[in-house]
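Following this line, the structures themselves.
Next come two complexes built around chain A: one with chain B, the other with chain C.
Right after this comes the complex of A and B.
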């Protein structure tokens, strides 16, 4: 399968690989996918004043999955939480020129963003309740 | 050393220059149709075909009259299984095989199941080996054929052909062996092993693509087949169609070379294979061997690099040509059915890489490959959430994953 230049670029120089401490108050962690399905993404956001100031990812998956999550971290950085929620998997498909068989990678990346934001919000609610 | 490096010798092989040389005259000077009985062009072509037929037959312990040329092993498998099922349908309708056979066998069996045949799929253990007792017990008075491969194309495991042949012969059941990965690589003798039908292919043994053969036993017992192609009645009516004379000549030469060099080549390939395996396990943790540790094809090394997905690894070693059992490398989105049948988890199946070593593989290439693969695996594990979790002591099976 031939990869688009952008997928190859993200694969060779992935942006924002790494991890934040999950326990930190302003960190939200999304872990989506399953090892048996061949892809797992962990996407983390660091939030200040309702704005995503930093993001990190780690991905087990094919080149397109790595590229989708790498791109997702680039895109969420600097966005408000509400803005980040408007990122659609179709935007990722378009940006990376993903073929039909790789669309699920973009879906997973969108899920990872949502899941990280949900985790951040849930933990804030818990903390406020305390 | 030239890049890219070819390590996919179980997929196909380059044609050996000695084979090319042998074939060349048959495209231009000696171009006749071997079925033309009334002129020298035909006679010369027929003479070359007869020679190749004898070459191939003698190597597997058969006679020339028992060799039916086909377009390749897929056709040979189809002809053997269809042919027996159709011809012997009054006698029985039961076929025995395993779940790790090549698709040419499995899909033919699936088709016959729809047409009323019963198929038993024997279990294989974690190495891909069958249980001979289970085979014995599976044979009934309705059984007409046992079809088992000589060596598995993905994991390299070699079946005990002699023991299988003893069982099928004593029970009076035909034994078809798909020896696509076996002939020219491991010793095969149809009499010693009581094989009744044997599928072969030239392009796996440094011959040309598009030519193969089916050995069909003529005596003790005689096997009869219904053809799957109709026409001029070539190949004793079992396979109509003008013979691919240059291909036949190349096939004969290719098998002759492989057979002559088998002992020294096996030893060389086993050394290279073990060298690659050792170098990788020295540099990496969580590397698992798929297939049998010793009863395997000399040139096959199938490894799972846990916590790294196969396609992403292949992308990271783009100057090395290998194949993967990962779903992402196939159209089906399912990981390797062979690894699945062995009980290898889907997670490790997604992480598998098949290194296929062959005649032109060098020590230098193996050392280069080991370093490149180790580097790529390490880099990908740095960005693998699974590797991170395992290193933190998380039991991955305790995580509730969101399957999609």
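Right after this comes the complex of A and C.
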């Protein structure tokens, strides 16, 4: 199956690969898996004043999953938390022209954003509760 | 879960004898017209169970495959010709589904949950973290396969061990359903969780074996 140019581009030069320290106060970590294939993705955000100032990812999966997460980190950067939550997997599908069999790879990226934000929020409330 | 066998046996449309399999009558040697989709276990005259008699599955598969092969029906009436194609492909699907423990378990769960969808996302606590770590270890090792052959083999055997443990658990859980049918719903859910986890381990194994080919 041929990948679109954009997928190939992200695959060959993925943006924002890496990780932050999980324990850091303003970091949220999302670790998710795709039940369809068993691939895993970690996406992290760094938040300042409710704005995502930086993001990193690491994906063990197919080219579309790598491209989706790479794109997701680009998109969340500079957005507020609420704005980031509006990113849908269908936006990713459209941007990367993913075929139907690769839709679950983009779902993985949406899940990862959500779970990173949730982790960030959860840890916030934990900290303020103390 | 050991269903009464005889009750599900169908009767030959030609000679009225009770058949061991709904696909073919070995007594009058005739291919059977199928109106409903038979259960995979019935096809091989096997009880509905996870801990299957694999030898019997294979023997019955060979026997049926030989009878149903479309090549033998080239001169037959068009309905028989078509039936042989349909039955052969059904036979192959059923065989593949029952042969592999993971797909056999999924098929059984499908029957036990009466088609109600099960939670395919739920995993044992901490499992994804483990997988991610294993993937990271693997990534480092795969940079130079030759140099890390031993470590790779160690990771491989670790993953295989985990997979075996999960399959062992699945087998036990299926046994528990037979012992305690009232608890079936909960047990079915736990089996599904184990199967979900197996997929991630399979993926790791695929990655390791792909690296060995290069």
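FYI, the second predicted complex is superposed on the first by the 126 of 130 C-alpha atoms of A that agree within 3 Å, B and C clash if a C-alpha of one lies under 4 Å from a C-alpha of the other, contacts with A are read in each partner's own complex, and residues count from 1 in each chain.
Simple rule for what comes next: a residue touches a chain if its C-beta (ideal position, glycine included) is under 8 Å from a C-beta of that chain, and two chains touch if they have at least 3 such contacts.
What you are looking at is a predicted structure, and each value in this text was computed from that prediction instead of being measured.
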item	value
Touching partner for A:60 - first (chain B), second (chain C), both, neither	both
Contacts of A:40 with chain B and chain C, given as first, second, both or neither	both
First (chain B), second (chain C), both or neither touched by A:31	both
First, second, both or neither for A:17, with chain B first and chain C second	first
Shared chain A surface residues [contacts with chain B and with chain C]	31-33, 35, 37-40, 42, 58, 60
Chain A partner contacts - residues on chain C that touch it in the complex	120-121, 123, 128-129, 131-132, 135-136, 139, 196, 199-204, 207
Residue ranges of chain A touching chain B (in the complex, touch as defined)	1, 3, 8, 11, 14, 17, 19, 31-42, 57-63, 65-66, 101, 104, 107-108, 111
Chain A residues within the chain C interface of the complex	31-33, 35, 37-40, 42, 58, 60
Interfacial residue positions of chain B with respect to chain A in the complex	307-309, 311-312, 315-316, 326-329, 331, 333, 335, 345-347, 350, 382-388, 396, 399, 401-404
